[in-house]
Each structure stands twice: as structure tokens, then as C-alpha cells.
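Consider the two complexes below, in which subunit A is the common component and subunit B and subunit C are the respective partners.
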Partner chain A sequence: MEFRIEKAALLQALYYAQGIADRKSTMPILANVLLRSDGPDRITVAATDLNITVTTELPCEVSSEGGLTASAKHLHDIVKSLPSDKLSLRRADNNYAELVSGKANYKVVGLPDRDFPKLPPHKDVQFYRVDGAVLRDLIAKTFFSISADETRSHLNGVLLECDGDGEQAFARMVSTDGHRLSKCERPLPGAPKLMPGVVIPRRGLIELRRALEGSGGNVEIASHNQYFYLRTGATVLSVRLTEASFPPYEQVIPRDHQRRVVVKRSELFDALKRIVLVASEKTWGVRMNIASGQMRIESDNPDLGQGREELDVGYQGVDCNIGFNAKYMIELLSEIDTPEVQLELNGDLDPGVLRPLDDKQGVGNQYLGVIMPMRL
Partner chain B sequence: MQTAAETVQPDAAPYLRGLGGIIGQPAVVSVLRSALASGRPHHAYLFDGPEGIGKATTAKALMAALNCMAPPSAGDACGSCESCLKIASGSHPDFIVAHMELAGLADEIERLIKRLCFRPVEGRAQVVLIDPADQLTAPTALVAANRLLKTLEEPRPDTHFVLISTSANGLLQTIRSRCQRLRFVPLSDDLIRQALKTQHALDEETALSVTALSQGSLGKAVRCAQDPDSLKKRQTEASGLLAAAKAGRAVEICQRASEIGADREEAVEVLELVWLSLHAELRRHGKLGLLSQSQRLAQALRAVRETQTAIRRYTSAPLSLERLGRHLHGALGRAQLQPAQPGEHAR
Partner chain C sequence: MPVRRILHVDMDAFFASVEQRDRPELRGQPVAVGGTHRGVVAAASYEARKFGVRSAIPMSRALTLCPQLRVVPPDFARYKAASEQVFAIFRQVTPLVEPLSLDEAYLDVTENAWNQPLGVEVARRIKQEIKSQTGLTASAGVAPNKFLAKIASGWRKPDGLTVIAPERVEHFLTQLPIDALWGVGPVTAKKLRAAGLERLQDVRTRSEEDLTQLVGSFGRLLLRLAYGEDDRPVEPHRERKSVGSETTYPSDLLDKVRIQDEVRSLTQECCDWLVRHGQFARTVTLKVRYDNFQTITRSESGESVTRDPVQLTQRAIALLDKTSAGQRPIRLLGVSLHGLTDDDQPAVQAHARSDKAATTGPLQLSLPFEPVAHPPPPAPRRRHPHQAE
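The block that comes next holds the complex of A and B.
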């Protein structure tokens, strides 16, 4: 195979590829980038770690069809430092990738392209155009409560569901680690129907987030068979979905509450950030004492000392004492952007719900976090 | 894109023909064939048998048969489709080979479990090769072995484990009970000679001499043929140890034991040659009808096997070899000094 291409375009594609290529894998070919011709004027540049695949289609002049693979990192680094704007690449004997640009000539060790894992079939899939900023927001608002335990694959990811039609469509992301749960719904006009939803693994979300940050405005998404696809321009990111089913999360969210505490977001956030400094480093547990009009937050750590914060809150009713992991609250509060938040409680050992206090909250546009209390 | 030079010859990779390429294991092949024909292969197989008789090859053949795009019949593979070629070049993403070095074994098993949460990447089924599974018996590998249990018991429907073991009885009962055990038998001399000639292009004479040493193990025969120097070295060490033991030269036994025992793997191989030489002696005595001498030799042979097992199980190799030296002297040394009397029982 042989082709001639613009340096800048190839460099961008190689940059994505070397971010995905897996140099630590036991399969040497996963460290390589695949360059395969796709007709007389187009090549596909692809890299994969088997779970995440990035493919970019680039216009170029193909003089002989075929494919090659070579170390993604090395090829990227070489192309990056080439002086001229155009370069040509060809497959030499013994699978070497020979790169010529002006007077520079490099040969990079390669492997046969037929050994490269099959690429996800994104060309057969129908894509839907949606707002990338909304997806980014959904990921940010649920990412922190994903379980870090990769062997519990059903919790090591975010559940994505899309419901409603056309302009009324909305997307929902839910994540939980067994101690807390975050659920976010946002209008996403044009989204495909995705009920039941799919579980996107944590690693995949990190790459999706990165790709979304790089793309301003609209992106195209699709979910088919065992992959979730995100297309930004000529680049398609394919994430292999977890097949395990997500737990029935609606059962975890309390339907009603006996106590409702309204508090200023920034005051609660700042107070928790201070008090966590003297909380136990294993549990981050703090005690909340809520009385009419006032919330007292206390932490007592025999190794460090004690702390107490008092806040004015909107609450009328019987006193209540409840313990929470302060880190969970802080992570949730840092994603809430309304001036006030609402804490909904039942008994001392029942889960609490924290949500922004906002008129716009409703089906298709809401955010909430469920946090299990602690016995302190 | 594929050139003629890159095409893998089926002779060099018998597993590319699927189970049809497996020689000398009719019982195993028939069990696997009927499992594949019924469309319900077991989720975990334990391939048990001596080294070098086709266990790993059968695992690859199983992988090829499960994923071949144009199988000639259930259990066979075409050897030329994309899937078969990837298996041959070792780049099939669904043939997962676990790295069984003891250092970091628990992490490796953890990685494996994570990976097995997913469907096969491109094939119909994924095969996980755990070779040698005997590593899981080491005291430091207990955590790894226990971590594996849940996935081994109930993997995804398209996932099949193949555990390869040369001493399956030593494996944890909890691992054994989760697997279907298939026993591999040593190959006949004819089969080995034939395979050496066709698959490894050896001439008749070399094939004959190497077959004699192979004890039914094609792998061992091939290794011997490829590395005649180290074979010679082992032979010298083995005959030296045996001579010292027979003559009862205690100092020399100790010296040789520490030399041979420096490399655990090597020590097991040298002992194999000691065993072979004693076995040949036993055959001669058997023909002559010397019952008492035969009993002594049988005792010595058992001692050699026990020492090999002990060395494999991480006892000190030099000490085990010294102990064996004393045993051999006890069994053989006196027999030579005092010719056996009619009716005397072996000690």
C-alpha cells in the first residue's frame, strides 16, 4: 500500500490514535495504529485497546491499496517533527512502514494489517445529531459516583437512557457505587430512543469526555449491538458496552420525604470542605444535627480533633441527627449550580436525597443524588 | 495484502485444522467433538497429562474450531479464514493467554476477570488459556486462585476456560470441581517419529534417537532435537550423579546435587534422564528374570519421581537431590556390593 497525505491531517488522527493504542497490552499489535486504504482517495486511521476504538477517515492520494500497522507513538512522534507539509507512507517488505517527506526517510517496524482486530462496524449504523455540551454535562454530573471496582462491571459505568421523541427527547444518566447514586436528566433533542438503556464503562466515559471537550457544539451519537459511537467530524470513537444489566435504580430513590431542608449551596459546600479536614480519613463521616432554622455539622476524630459548623437553613420540624460521608456530599454539591439546594430526609438511617432547588426541575430535566447515611 | 510467504502451513501448526489436527489423543478429541457438535462445549476444561503431548495445541485447536468462519465439519477448522490466520499469528483478540508468572499473578487474574465481563471482540467465542494452571498451587498464588473461582464457575456463555496441568491432582479441589477433566495420554513412538519427520523435518535417524528419549512427549522430543548440546550436558550430569550414588561417594553426591540443583527446571530434566537410564536397566534385568534387582530398581525409580515432584513443589532442589543420592545408594549401591541372594527381599 502507498499513499500521499497532508501532514497536519495525519498528525491529528495519529494523536487520537496514540492516546487509545495500548502499549501495555500482551498483544503487541494493540500498540500499533492501523492505516488502511478505503478507496482511491481515502484512508482509515484506527487504534484500539479492544474496548475503545478510534477511527478517523482522511482524504489522501492512494497510489496502491492495502494496509499497514506501525507503533502509534513512534509514528506520531516522527510525523510530528517532519519539516514539510506533505508526506508519503508505504508498506515496505517485512511489514515495515516507510515514510518519506522531502529528504527525510524513515522505516518503522510494523505488523501485518490483517492481524489487527476487526474494527467496530460504525458505517452500518445510523447516527443522530445532538448537542455535545449536554452530553458533557450529563457525564460530569454522574461520573464521580461510578463504582471504582472494575470487577463489578454492572456498576463500573454509567447507565445511559434516552426517552421521548424528536424535540421532546431527553437523556438520562445514572451511576451508583452502592453507597450513593446520581441521576441526571437533560433535554437532548434529536436523541435516538434508548430504552432500555446501555451501560457505558468508566474507561469509555473518560475517552468520550475527552472527545466531547475537543469538539464544540453538535456531535453525532449512535448505539448499536455492543458499541456506543460518538462521531465528531471525521473521527468516530467506539466504546464497547458493558453487557451486565444496571440495577433497578428507581427502587433506591426515595419517593417522598418527611423532612425538607433548604440550604444555601455555597455555605453548605464551604462548611463541608472545612469540616472534612478533621473527619476520619477512612470514612469521611460527619454528623448533621438539624433543628428548626439551623443545621449543625460536627466531626470528631480522635487522631486530629473536632470541628463544628453552624448554618442557617430553611427547616421547620422535629430535630434530626444523621451521619453522612462528607466527600459524597462535596462531590455532588460541586456539580450543582443553583444558589440553593434541598436536602430531603426521612429517618436517621434512611437515604437522603440532595437536589438543586430550581423551578425547572421535572421529568426530562432534573438532577439528584441519593446518599446512604452512616451510623456514627 | 497477504503474501504467500505469510500463509501458515497447516503442517507447522496442526491446530489450524481444528481437532482434526490433533494426533494421538482419540479419547479427548472425541469428547470435544461431541461437545462442539451438540453446540454446548463446557465452560472450563482441565487438560491433564504429561508435558509436550498436545494439551496447548488442543486448546488452540478448540479455539480454531469454535471461531472458524468456514468449518468443514463440527470440531474442524479451515485453516485459511481470517479467524484461523489470526490464531496462527497469535493475534486473535479472543484467544486470551494468561501470564502465569508467580510475581503479579493476582493482578493478572484480576485483569482477566475484568476482561471477561465483555463479549468476544470479533469471534463467536473466547478461549482463556491458563497454562500452566499448576502455578495456582503455589502458596503465594492462593489469593489469585481463589479470585478466579467465581469467573471460572460461571463465565459468560461464550467464554471457555482451558486449564493446562501436568499434575492436576495438586490443584485446588475448588478449581478441579469447576472443570471438566480431560486426560491426555503419552503419544506412541510411531506417532512421535512420524510427527518429527513431517512437522519438524527431521531425518529418520535423528527422529529415531530423539523418540527414544521422549517418553511419549512430542514437545520433549522437539526440544531435544533442537538443542543437542544441552541434552549432552544433561546426560553427563545424570550419569555422573547416578555413578556417584551407586558408588556411594558422598562428597561427590553433594557437589553434583548443588550444581544440578542450581536450576530447578534443569534439575527436573536431569532427573528425567536418570529415570530413563534406570528404566532401561530395569528392562534389561526384567528380561534376565532378576526379580530382586528389579524390585530395587523399581524402588529407585519411584524415588526419582518423588524427588521430581518435590522439586516442582518448591522444596530445596540441592537438598532433594542429595536425599535422592542417598536413596539411590541404599537401593542400588548395596545391591552391587552384595549380589542379591535368591529369596532375598528388597529393603
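The block that comes next holds the complex of A and C.
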């Protein structure tokens, strides 16, 4: 195999590849990037950790067809520092990858390309063009409440559902760690129908987020046969979906509430960020006392001291006391961008709902967090 | 102690059944899950068992017994997902669930969420739930204690349900051969048979001292079991005593560097497990099986506990010097870690823990999902089912 290619294009593809290639795996070939010709004028550059795969198709001049694999990191680092704008790469004896650029000549240890894992097939999959910024927003608004407990694989990811047709289509992401739940719905015209939804694992979301950040506006997505695909330009990211099913989340979102508290987002956010400084580092528990027109937040930590914050709120009704993990509220509030938020409560041991106060909230466009209280 | 109602639920040919469920072309076919070349059978479908294919026999032998055997490489992620569903059903019924492995558990249903007084009804409903939620079948045993429940579940398989009512225990015991007991393997059985003990009931004719001489500390439990007595509770949080990983290689290993690499990666897998489960280990054990199947183990205990992969790997590799690695071909390598604990400074921590128990701190509540899913502890890849010591 031998081809000649623009350095900048190859470098970009190698950059994606070395982010995915798995150097810690017990399968040495996973640390490698695969370069395989795809006709006389294209190559595919691919890397995988078996769960996440990135492939980029690049134009180039192929003088002999075939494939090679070599350490993704080393190839990237060498190509990056090559002197001229063009380079040739060929497979030499014993699977070496030989690079020539100007007067520089390098040989990198490789492994046969036939040993490289099979790439998730995306050639025949139908892709749908959607707004990447919406996907990014959905991920940001749900990512923080994914469970970190690796023994609960069904909660180690985000549920993605898409419903509605054409211009009315919307996407929904839900995550929960068993103590809290975030749900976000946004219009996503052009989205494919995904009901029931798919569970995208945490690691995959990190890579999707990274790819979306670099992509700007329109991207293409697809979900097919246990994989979720994101195409940005010539690069396709494939994420293997979690096979376990997501719990029935609707059943833990309270349908109604006895108490409704309206409060300025920034005031609540700032007060919580201060009071968490004296909260227990194990539980982050704070006590909220809500009375007509006023909310008091207190923390009492025998090792450190006490704190108290008072806020003016819109609330009429009987006093109530309830404990919450302040971190859960802070993480949710930092993703809300309306001037006011609404806290909906029932009993002091029942789930609370925090959501932006926004006229436009409704099916297809809403954001909410369910937080279980703490027994203090 | 009032009469308990203990269930032992055992999934039928679990890995193979999951494969047959997910791959319709395998249904009705003899299926074995395991490595294709030189590996062992991890699970065999009932169709394969008709040919004598059993768990733990070498795959090569399985293929001789049943040439049309469909060999499927294991996919533990899918088995774990199915296992989680099954355990979620168990925990819906009672919090007293003691996992024995991914596909097997004891349940104490003396009191249960369905307020069902009859253990057999609970078992029937659990079997139905498993069938409807996962499409898989399980066999269940219902008895007044763990040891009888376990024997009962194996009485009729697959899709069986066997009840040993308290008044039937004595009758049941008379039928049992000595090796029906969990914990009596071929070696112990041979010793007992040599001493003239064929049936479990025969054990009653001997004194505890005699039995202890014969089979060591197991003698005491053996005598109790012979009378059908077993008051071991169902322990939902029984601590794991060891973690291990082992591999049979496609071709024998002779190169010392390669062997060291393999030991390193096996140790790393165990360390990953320690980190995931917040555990530390004191003892490293290396297992080596030579090409003639002779198997040896070498152990080393540290002064303190650790989960540092560098340290543990060094210790495991140092143990290679006590073997003939590099001189004799090696067929199998295994690394296991023992003396597990969840604190790295036992004395201090024990004190702190008792303090914590005295004051009830704030408690984070959980979202009211039904059922509350708590999967069983996962097994590291290529796990060897270590028996707790």
C-alpha cells in the first residue's frame, strides 16, 4: 500500500484517531490507527476502542492499494512535525509504515491491517441532517446526572428519544443516577424517529460532545443496529449503544405538586454556591426552610461551621422544611438560563422538581430536574 | 428459629439461553459458549447437553462429542444485562438476596413484598416474571434452608420448581448420594466413599471427630447437613473473598517476556476490579498450568493491603521465579488477589466506622423507581469462578 496526501488533512484525521485509539487495552492493535485505501483516490483513516470508532475519508493519490496500521499517537506526532505540506506513506516489509516527506524518512512499527477489528458499517445507513447545537445543548443539560456507578450499566448513559415528524420533530435526553434525574426536550427538525429510544454510554457522549464542538452547525446522525452515528464532514463517529434498557423514567417525575416556589435563578445559584462551602463534603446536604415570601437555606457542619442565606421568593402557603444535596441543585441551575426558576414540592421526603420558569415550556421543548430530598 | 422459606433460583443454561434468545438461528441447536480454540465450555444449551457437552469441559472435547456444536464466543455485557434484570426481579420481592454468581441466588422469602405466605407461590411468580421480562427460564428450589433449596433447584431442570416442605425433609434426605452436596467435589466424595459413606444419611453414623479427620473442618458442617440442619442466613452483602482472572492460551507459552506480559495484564484486570469496587488486597496468588496439565499455585502476602497495580504486578511477576516458567511450556496462567478489604488502614478505619454507626447522618433518598435495580457484583472479564475460602 502506498499513497501521497496533504499533510494538513491527514494530520486532522490522525488527531481524531489518536483521541479514540486505546493505548491501555490488552489488544495492542487498538492503539493503532488503520489506514486503508478505498479506491484509487481515497483512503479511510480509522481508530477504535471497540466501543467508539472514528473513521475519516480523505482524498489522496493511491499508487498501490492495501492497508496498514501503526501507533496512532506516534504517527500523529511524526506527521505533525514533518517539514513539507505533502507526504507519502507506504507499507514496508514487516508491517512497517514508512513516511517520506521532503528529506525526512521515518519508519514506524506496525501490525497487519487484516487484524484490525471490523469497523461498524455506516455506508448503507441512512443519515439525517440536524442542528448540532441542539444535540450539544441536550448533552450539556443531562450529562451531569449520569450515574458514576459502573455496576449499573443501564444508568451509565443518557437515554435519547426522538419523536414527531419533519419540522415538528423533537429530541429528548434523560439521565439519572438513582438520586436525581434530568430530562430535556428540544425541537430538532429533520430528526429520525427514535421510539423506543437508545442509551448512549457516558464515554460515547464525551466523544460526541467533542465532535459536536468542532463541527459548528449542521451535522448528520443515524441510529442503526446497536450503533449511534454522527457524521461531521468526512468524519463519522460511531458509538456502540448500551444494551441494557433505561428505567421507565416517567414514573418518577411527579405529575403534580402541593407547593410551588418561584425564585430568581442567580440568587438561588449564588446562595447555594456560597453555602456549599460550609456543607459536609460527604453529603453536601443543606436545609431549606420555605415560608410565605421567603426561603432560608442553612448548613451546619460540626467540623467547619455554619452558614445561612435568606432569599425573597414567590410562595404562599404553609411553612415547610426540606433537605437537599446542594451540588445537585447547583449542577442543574448552572444549565438553566431563564431569569427565574420554579421549585415544585410535595412532602419533605417526596421528589422535588426544579425547572426554568418559561412560557414556552411544553411537550417538545422543556427542561426539568427531579431531585430526591435528603432525610436530615 | 421459626421455619424459614428459602428459595434457590438458578437460570437454565444461562449464557447459552441468552444467545439462543438473541439469535433465533441458534434455537433448537446444540450451543456452547466459550473460546473456540483450546478454551473450555462456559455454558452448554440443553440440546448440547444431550451429547454430553457440559460446562468446564475443554471445547475440543465438546466438539468431539458433538461435531455439529455451534460454538459462540462469550459476550459478558449481554449476560450481565440479563442478570441485572433477573436480580431486579428478586429484589422486588425481598431485599434478602444473596448472589452466588450472575445466574444464581438465594432468596429468603419468609417475608416478601407480595405478602405471599407460600414459598412455592413466590417461586412460581418469580419464574413467571423472569420469563415475561427476559424471555429466559429458571429453575427454583423451595426449602426451609439454603442447602436443601440448592439441591431442590437442581432436582428438575430446565424450568423446574421443586419444593421440599419441612415435613418431607427427612424423606428427601434418604435419597441423596453423598456428592449431591454443594462443597463435596470429586476429591471429597472419593474420600467419603473410601470410608464407606455412600449416602448423605450414612454420615450420621460417624462422630464429628471421625469426619473431621476425614475431610477437615468441613466435617462439622457435613454432619449438620446430614440431619438436614442448615441455619446459615441468606446474606445479601456477603463479602467477596477473592478476585481472579485466568486464561488458557491458544498455544503454549515458553517466552519469559511474553509470560510476564500476560501476568501483567491479568493482574491489571484484577486491579481494575479492586478500584471499581473500592477494595484493597493483601495476597497475590499465581496459578500456572503446564502443558501436561500439572497445575501449581504460588502465593505471597504483603504486610499491608494495596491496590497499586505496579506493586501487585511486581509481586505477581516475582512469583514466576518460583515456577518453571520459561523452561516448561505453560498452557494456562491465572492471577488472583485475596485478603480483600475495603479500607487500607484497618485498625483506624474500624474505629471510625463504629463512630459513624452511632450518629445517624443525613441520608440521600433514592428516586422511587420500581423495581429498585441493584445488579449483582459484576465479574471481571475472563473470570474464573473462585470459591470463597
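Please note the rule applied: the second predicted complex is superposed on the first by the 376 of 376 C-alpha atoms of A that agree within 3 Å, B and C clash if a C-alpha of one lies under 4 Å from a C-alpha of the other, contacts with A are read in each partner's own complex, and residues count from 1 in each chain.
Note that in this section contacts are C-beta pairs under 8 Å (C-beta built on N, C-alpha and C of every residue); 3 or more make two chains touch, one makes a residue touch a chain.
Worth saying up front: this structure is predicted, and the values here are computed from it rather than measured.
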Original post:
Between subunit B and subunit C, positioned on subunit A by superposition, is the outcome a clash or a fit?
Top reply: clash
Original post:
Is A:179 in contact with subunit B, with subunit C, with both, or with neither (first, second, both, neither)?
Top reply: second
**OP:** Kindly classify A:252 by the partners it touches after superposition: subunit B alone (first), subunit C alone (second), both, or neither?
**Re:** second
**OP:** Considering only touches as defined above, state whether A:376 meets subunit B (first), subunit C (second), both or neither.
**Re:** second
Subject >> Which of subunit B and subunit C A:349 touches, first, second, both or neither >> reply: second
Original post:
Regarding the shared-chain residue A:26, is it in contact with subunit B (first), subunit C (second), both, or neither?
Top reply: both
**OP:** Check whether A:164 is in contact with subunit B, with subunit C, with both or with neither, and answer first, second, both or neither.
**Re:** neither
**OP:** Go through the superposed model and pick first if A:50 touches only subunit B, second if only subunit C, both, or neither.
**Re:** first
Original post:
Touching A:190, do we find subunit B (first), subunit C (second), both, or neither?
Top reply: neither
**OP:** Could you let me know whether more residues of subunit A are touched by subunit B or by subunit C?
**Re:** C
Subject >> First (subunit B), second (subunit C), both or neither touched by A:66 >> reply: first
Original post:
Between 115-123, 241-249, 349-357 or 367-375, which run of subunit C pushes into subunit B after the superposition?
Top reply: 241-249
Subject >> Shared subunit A contacts, counted only where both subunit B and subunit C touch the same residue >> reply: 26, 150-151, 153, 243-244
Original post:
How about subunit C: which of its residues touch subunit A in the complex?
Top reply: 77-78, 80-81, 84-85, 265, 268, 276, 361-370, 373-375, 377-378
Subject >> Residues of subunit A defined as touching subunit B within the complex >> reply: 1, 26-27, 29, 50-51, 66-67, 111-118, 150-151, 153, 226, 240, 242-244
Original post:
Along subunit B, where are the residues that touch subunit A in the complex?
Top reply: 1-2, 6, 82, 85-86, 89, 91, 93, 97, 99, 110, 113-115, 117-119, 121-122, 156
Subject >> Contact set on subunit A toward subunit C in their complex >> reply: 26, 150-154, 176, 178-181, 243-244, 247-248, 251-252, 280, 282-283, 285, 323, 325, 349, 351, 370, 372-376
